[in-house]
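Below you'll find a set of structures to go through.
First subunit A sits with subunit B, and in the next complex the same chain sits with subunit C.
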Partner chain A sequence: MAVATVIEEQKHNIEETALITGSEAIAVACKLADVDVITAYPIRPYDTVMQYVCKLVANGEMDCEYIVAEGEHSQFEIVKHASACGARVFCGSSGVGWMYAMEALTVTPALRIPMIAMVGNRALDDPGAFGVEHNDALAVRDLGWQLVWVDNVQEALDTALIAYRVAEDRRIFLPCAISCDGAFLTHSQAMVKIPSQEKVNEFLPPYDRGDLLLHPDNPITVAPQGNEDWVMEIRRQNYAAMERAYGVIKEAYADFERIFGRSYGNPFFEEYMTDDADIVLLGMGTLSISVKVAIRQMRKEGKRVGFVRMRWFRPFAAEELAKSLQRFAAIGVIDRDYSFGSPYLGGVLAGEVRHALYPGPGKKPPVVDFICGLGGREVTVPDVQKMAESVYKAADGKAQPLTQWIGLRE
Partner chain B sequence: MDTYVQIDPTQKLDPFKAVKKIPLEEYFTSGHRTCQGCESALVMKMMAKAAGPRTIVLGSTGCMYVANTTYYSTSWVLPWMHTQLGSSGSAALGTAAALKALMRKGKMKQEPINVIAFCGDGGGADMGVGAISATLTHPDYNCLILMYDNESYANTDIQLSGSTPWGANTTFSSPGKVKRIMHRRWKKNMAGMMAAGHPTCRYVSTVCMSYGLAAMNSMRKALAIGGPTFIHSLDPCPKGWDYDPYISHELGELAVNTGIWPLYEVEDGVLRLTGRTQQIAAKKIQRQPVRDYLLKQGRFAHFTNDDIDYFQSKIDEMWEKWLVPGVIPFRTEVEADAPPA
Partner chain C sequence: MGRLFAIEIIYRGIFQKTLATRISRAIVIAAHHEGKMGISFGRYGDSPERNGIPAKNFAIVATDEQTLEEGMAKYEPKEVDVTLCVDDTLCKGVESWAWYGLQPVNKLLKPGGTLIVTSREGPEAIIAMAHRKETPYQLSILKGTVSFSGLWVYKDDHTDVRLLGAIAKVLPDLFSLQSVQKAIIDEWKDELKATSAAKSYERTSSITVQPNQGNPEVPYKFDLPKWHEMGEGIAIPSIPAGHKMDDPTSHAQGGFQPDRNPTFKKFSTRTMRPVVNFDTCIKCTLCWLQCPDSCFDVTPEGLYDANMQACCGCGVCEAVCPVKECVTMVNETEFKDNSSQWEDWRKDKDGYKVWLQEKIKSHPERSHGFRYRGQYEEQIPEMLEIASEK
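Moving on to the complex of A and B:
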C-alpha cells in the first residue's frame, strides 16, 4: 500500500520530455497555467503559438475562450478587458502587428493589467522581412511593460510560467512580454522538460484581482479622467510597481528552482565564461548561440572573451549589471535593433548599458556598440570574432568607432 | 454534445409596460458634468435603469467618458470601465468572454450579468466600426454595443464624424467665403449596415430618447435575447448642433417625424419599423418637411434654399427609392445625384 502510494506520487510529479518549438513551449505553458481567455491574430512568426493553442482547445486539452480577433488592436483590447474581470489572459504579436496594437499596449500597464504576451521578434516594415529584430518589443520599453528575452525552448516555457507568477503578483500587476527571436526560437525544436501540473499549481497561485475586480459585486469605476489633478500620482504608482518587480522576479526564480529543481542563476542576466574574461560581449536573444561558439573558438586561441546575455530588459538590473561589467577591460554590446539619431547613433541596448555604467562609483570600461543581425540576418562566428577584436583594441586604449555595423554588405 | 453556438443564459428582462413601471433606482446618478439638454446623458441614465444592477458597463472615449467620470466623482453606480476610442466592440467581447470562461470553469459564481459597451459616433461609426463588426459575428457572447450618436466628435470641439449629416457646420467643416458646404459626405447608415452585414446578430435597433420608454424596452430586448447586439441612438446635442437646450426633446421628435431618423428593430433577421416611423411607412401620418428640423439648428444656418431642397430630396429617396425604405439603400435602378454647387 505504502509502496503503491509512493509510485503513484512519483508518476504525478515526473516531468515529461517532448520535442517542441519555442512557440509550442509557450502554448504548453498557457495550458499549464490554465489561461482563461486567449486572443489570436495572424502575423508571422509569433502566430505559431496560436496554432498550437487552437489545437489544444480543439483536442479538449485546454479550457479557455479562444478568440480570433480582427486586428491586433482588438486582440490586445479584448484580453485587457478580460483581465480586468479576473480572467488569466494570453496574447501576442510580432513586428508591425505589435505596433498596430500600440494604443492597447499603452493603456495595459497604465491600467495595471497583468497580461502575458509573446513577442515573436520580427523586423518592422518597410521593407517587409520575417526575420528577427528587437525594435518591436523595445517600442514599449518606457510604458510599464516588463520585458524579458529568452534564448532557448526550455527557457521559453519556464519563463512564461515565471511571467504569470510575477505579473499577477498584487505588488506588481504589470503586463509582461516574453520575447522569442522570430524563426530562430519560435520555429526551432528542442527537447524540453514539461513540468507536471501539480508542480505548476504549487508554483503559480490563481489570479486574484482583489478589490480591483470589475464585477457587479464590486461596482468600481476603472480608468476615469485623471487630468492634471492626479495623473502624476498614478504614474508614480506604476513607477513603484516596476521598482518592486526587481525583488518579486528574484523571489519567483528562487521558488521556481525550489519547486522544479531547475536553476537560472541570476534571473536578470546570464554570464558565460566571464570568470577570467578580459573583455565581454553583451546581447539579448538567440544570437547567444553563435556568440558562445565563437567564444569557445577564441579561447582556444588564448583570447579570454566572456558573454553576458541580458534576460530581463525591464526592469533593468542596472546596479547589478554595472557591478559585473566593471570587472572587464572593455565591453562590446551587440544590438539587434537600432535607434536612429540616438546618442552616438547606437542601438537601444548599448544606450541602456552605458546609462547603467555612468552613475556608478566604480570604473567605466569603454563600451563599443555593434549593430548586426537586422532583419533576421545571421550573426556568424566570424562576425563575433570581428567584434571581439575591436573590443580588445578598445581595451588597449585604441580609439574605436562607438557604433559599428557588422555583417553589412558595403 | 458539441453544439456550434453556446449562449449562456441571459437575464429575463420583460418590457416596462408604462413609464410608471420604470424602477426609481438610479444606476447613473449625480457627479457628471454633461451639458444642459444633453440627450446622451439621458441615454446613459435610461440604459443603466433598463439594464439594472447586475450589469457591467464599458465606455469608450467620448463625451460620456470625459464628462461622466472625472476622477473622484464618478456618476456610475454600476461597475464601469473606460475603453479606448475604437474599442467598444473589443471591450464588450473581452468582458463577456471573461465572464463566460470564469463561470464555466467555476472560478466565478454562475449568474447572467449584462455587458454593455457604449461608444459615440466617432468611436462607433468611425474608429471602432471594425471591432464592433467583429464582435457582432461572435454568436456566443452576450453583450450589447450601444452607439450614442450626437453626430460629431462633441467632446473634442465638435469635429465632423462619419455620422455627421451632409453640409453641417463643424469645426472641421466650417463654411468660408468661397466654399459654403465643406462636409460633402452623407451620414453612414450604421444600424442598417450592422443588421445587413451580420446575419447571426440577433438584434439591431435604432432608438431616440424622445421616445424613452420604447428605447429602454429595446435595450432590455437587446440584453435578453442572447448573443451580441447593437443599438444606435440619435441624440440631439445643444453644443454640437447649436440650439437652445430646451428643445432637445423636440428635435428628437422632429428627426423621427421628418423621416431623417427611422425607428426600427431587426430581430432574428425580421425587420419591424417602430413608433412614429411605422405610421409614416403605413402612410398614417405624413413626413414633416426636413426644413422644420434643419432651421432649428445653428449647424445648418449657412444652408441656402437649394441646400435644403437637396437635403429633402435625399430623405425622399430614403423613403421612395430605397428597396427597404429608411433602412437599406439598395435600389432597382441608377439614380442621378446632383448636390448644390
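Moving on to the complex of A and C:
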C-alpha cells in the first residue's frame, strides 16, 4: 500500500493560495487526504481531475497507486475492491461514463464501500454534449450513494475532505459523489486557499475498515449470494446508515469549521437573502451565481427574492428544508435535469421539494418548477428574473404552469 | 459597484492552447497582486479542440467579489476591454464550434477597447482583414512570428509575457508592469521573461480604428431553429451529393462539385491555402484523392480547384503534388476573398499567371511544432529580429 513519505516532508502549517480549477481542487484534496488508490478513465469534464492527479504523482507531490482502467466499469470495480482491502480510494466520471459504470455503482453502496467519486456533471448522450446536466449523478439517487453539489472551487476542495470524513465514518460506510458542474466549475480557475497538511490530518483520521477488512488475517467473505430471506434486512441496514449520515455530516461540518476556521453554515443547504424574502428560488450547482446576481438586481427594484442552494441531495434534509420553505409565499425550483413523464412532468429536484413539503404539519406554499440550463446552456440573469416573476404570480394565487421550460427556443 | 475587466484571447485550437491558458492565468495572478480577484477559463463550447480551429480563453477580473460574480453570471463576457489575437489570420473572423457563423475578431470589444494582434504585418493589412465595427477601437500590433506549437510542446518564445506587458500598457487600470513581472516570477521564475515583458511594455503603442475602416463584408450567420421546428430523434438531413460545374466562359457543363455544409464554411480555420497552377496541372488526381476535407472541385476539363468553403489549409495537396509549384501553399493573410481560382483563371489566364507568381512569393511561416531537433534554435535569430522591429 502507498506510503505518505512525500507528504510527510511537506508538513507545514501555512495556508497557501493557488489559482486552480474545481477539478484541480478535488485533486489537491486527494493529495491532502493521502488517497491510496486512484483509478482513471478519461471522459470530459471529469478527466481534468485525473490529469491533475497524474501531474501531482509525476511531480512526486503525491504518492498513490494510479491505475488507468480499460473502461469506467472496471475503473469503479478496482477501487471498490481496493477499499474493501482498507485503501482510501478516489474515482470519478461524467455523463455516459458514469452510466457505463452503473453495475459497479450499485454494488458499491450495497457493500458499504466508502468510495469518494467526483462527477463532472455532463449531459447524457445523445447528442454527445459536453455541458452540464444533473441527470448523470442523479441516476444513483436511490442506491445508497451520498450526493453533494458544490458551486465554487474552494467548496469543491473543502467538500472533498468532508466527504472522506463522512463516508469513512464507521457509522456510515457509504460512498459519496461530489457533483461539479461541467465547464463552469471543472474548467474555471479561481484563487483558493489550500489548507495545511497538519490541519487536514487533524480533521481526517486514517481509514479504518475494522471488522470488514478483507485480509487473510481477518477471514471473511464479502458479498455471498442471498435471496428473499436476507435482502430486506440488508437493505434496512443501508437505510439506517443513510439515516445516520444526516447527523454525521453535521458533526463533520462543525469540526471543519473548528479546525479550518471556514464556515459553511447549514451543511445541507445555503440560504441567500432569505431573511425577509417573499418568495424563494431553489437550485443546485453553479447556476447559483446568476441567481444571486439577479436577486441583487431585483432587490434594487424592491422585489424581495431569496435563494436556497441545495448542497446535499442525499441525504436530503427534508424536515429542515420544509421548515425553512414554509416561511415563503411561493417557491420556484430550478431543475438542471429532467424526469420525463414524472408527476406534473417536472424535474427531479422539484419532485423532491414537493415531497419534502407534503407530509409536514405547516403550510404548503405553491411550488413552480423551471427546467433550464440543460446541456450546459447558460442560465442568464433575465432567465432568473422571468422565473421570479412567475413565482410571484403563483404567490398571488394566479395559476402558473407547474413545469416551465426557460431559455428554450420556442 | 466596483469595476469589471474582461480580456479574451483568440487562438488556434491545439497549436496555441497552452499559450492561451498561460496568458489568461497570468492575467489573473498579476491582477491578484493588485488586490483584484479573478477567474480564468476557456470557452467550453470550443472543445473538443481540433488543429487550427479558432478558440477562446477568457480572464475576468474585478475589484470586489460581487462585481466578479456579475462577470461570472455570463457564460462568456458580452464585451471585453482587450482582445488578444495570437494569430493574425484570425483577424478574418472566428468560426468555432461555439459560435454559429463567422464572429468578427473585434465583436466583443468595448468602444475604445484594444485589439492586440501578434503579427509581422502592418496596421493596414490587419485593419483590412478585420470586419468593420460600429464604434472606434484601438489596434496594437505586437511584432512577431506566430507562436505555434503542437499538442505536446510549448514554444517558449516569450509571446506570453510580451502580450502581458502590452496589456499593462493599454489597460493600466487592470495592473501595472510591476504586477505583471511579479506574476511572471511567480509562474515561471524567469527574470529574462520579466525583462521581455518590460521591453514589450515600452514598445507598445496603438492607433485608433474608425467605424469606416475595415472589411465591409457582412459576416455570414444563421438562426438556430425552434424546438418544434427541428426533426425528432437527433437525425439531420445529409448534405446533397453535388452537381456538375459550369464553365464561366464557355458555359460548358461537366466535372463535379460536391455540395458543402451551408452552416460551417471553414473560412477562418486556415492559416494558409493552396494556389493551383492550372497550366502545369497533369490531372493526376492526387490532390483530390488525398485531401482529407474533399475540398477539390473537379472542373469540366478535369482540373482540380480548391474550394475555400471546405479547405482547412493542411497542405497535404502541396505535399502530394508531383509537379513543381503546381500546388503551392500561401499565407492566408495574402487573400481578401474566398473566390474560385479556376474561375479567375478561365476568365483571364494571363492575369491569373501574374497573380499566381505574386502569391507564391509568400510562403507560410507557421510551423505546428518542431520537425527536427534544433529547429527552434535555428528560428531564434529571426524571431529576435522581428520582435525588435518598431
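In this section, the second predicted complex is superposed on the first by the 399 of 410 C-alpha atoms of A that agree within 3 Å, B and C clash if a C-alpha of one lies under 4 Å from a C-alpha of the other, contacts with A are read in each partner's own complex, and residues count from 1 in each chain.
Going forward, a residue touches a chain if its C-beta (ideal position, glycine included) is under 8 Å from a C-beta of that chain, and two chains touch if they have at least 3 such contacts.
Computed from a predicted structure; not experimentally measured.
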- Item | Clash or fit, subunit B versus subunit C on superposed subunit A | fit
- Query: Which one hits more subunit A residues, subunit B or subunit C?
  - Reply: B
- Task: Using the superposition on chain A described above, determine whether A:58 touches subunit B (first), subunit C (second), both, or neither.
- Result: neither
- Query: With the two structures laid over each other on chain A, which partner does A:19 touch: subunit B (first), subunit C (second), both, or neither?
  - Reply: second
- Kindly classify A:85 by the partners it touches after superposition: subunit B alone (first), subunit C alone (second), both, or neither? first
- Angle at the Cα centre of subunit A, taken between the Cα centres of subunit B and subunit C once the superposition is applied, in steps of 10 degrees: 90
- Task: State whether A:107 touches subunit B only (first), subunit C only (second), both chains, or neither.
- Result: first
- Task: Could you tell me if A:240 is touching subunit B, subunit C, both of them or neither one (first, second, both, neither)?
- Result: neither
- Task: Answer with first, second, both or neither: which of subunit B and subunit C does A:254 touch in the superposed model?
- Result: neither
- Minimum C-alpha separation between subunit B and subunit C after superposing on chain A, in Å: 22
- subunit A partner contacts - residues on subunit C that touch it in the complex: 24-25, 28-29, 32, 37-42, 44-45, 47-48, 66, 69-70, 72-75, 224-228, 234
- Residue set of subunit A touching subunit C in the complex reads 19, 44, 126-127, 130-131, 182-183, 187-191, 289-290, 292-294, 296, 376, 378, 380-381, 408-410
- Item | subunit B partner contacts - residues on subunit A that touch it in the complex | 34, 36-37, 63-65, 67, 69-71, 73-74, 77-87, 103-104, 107, 206, 214-216, 218-227, 229-230
- Message: List the residues on subunit B that touch subunit A in their complex, please.
- Response: 53-56, 58, 65-66, 69-72, 74, 76-84, 86-87, 89-91, 93-95, 97-102, 104-105, 107-108, 113, 130-131, 133-134, 138
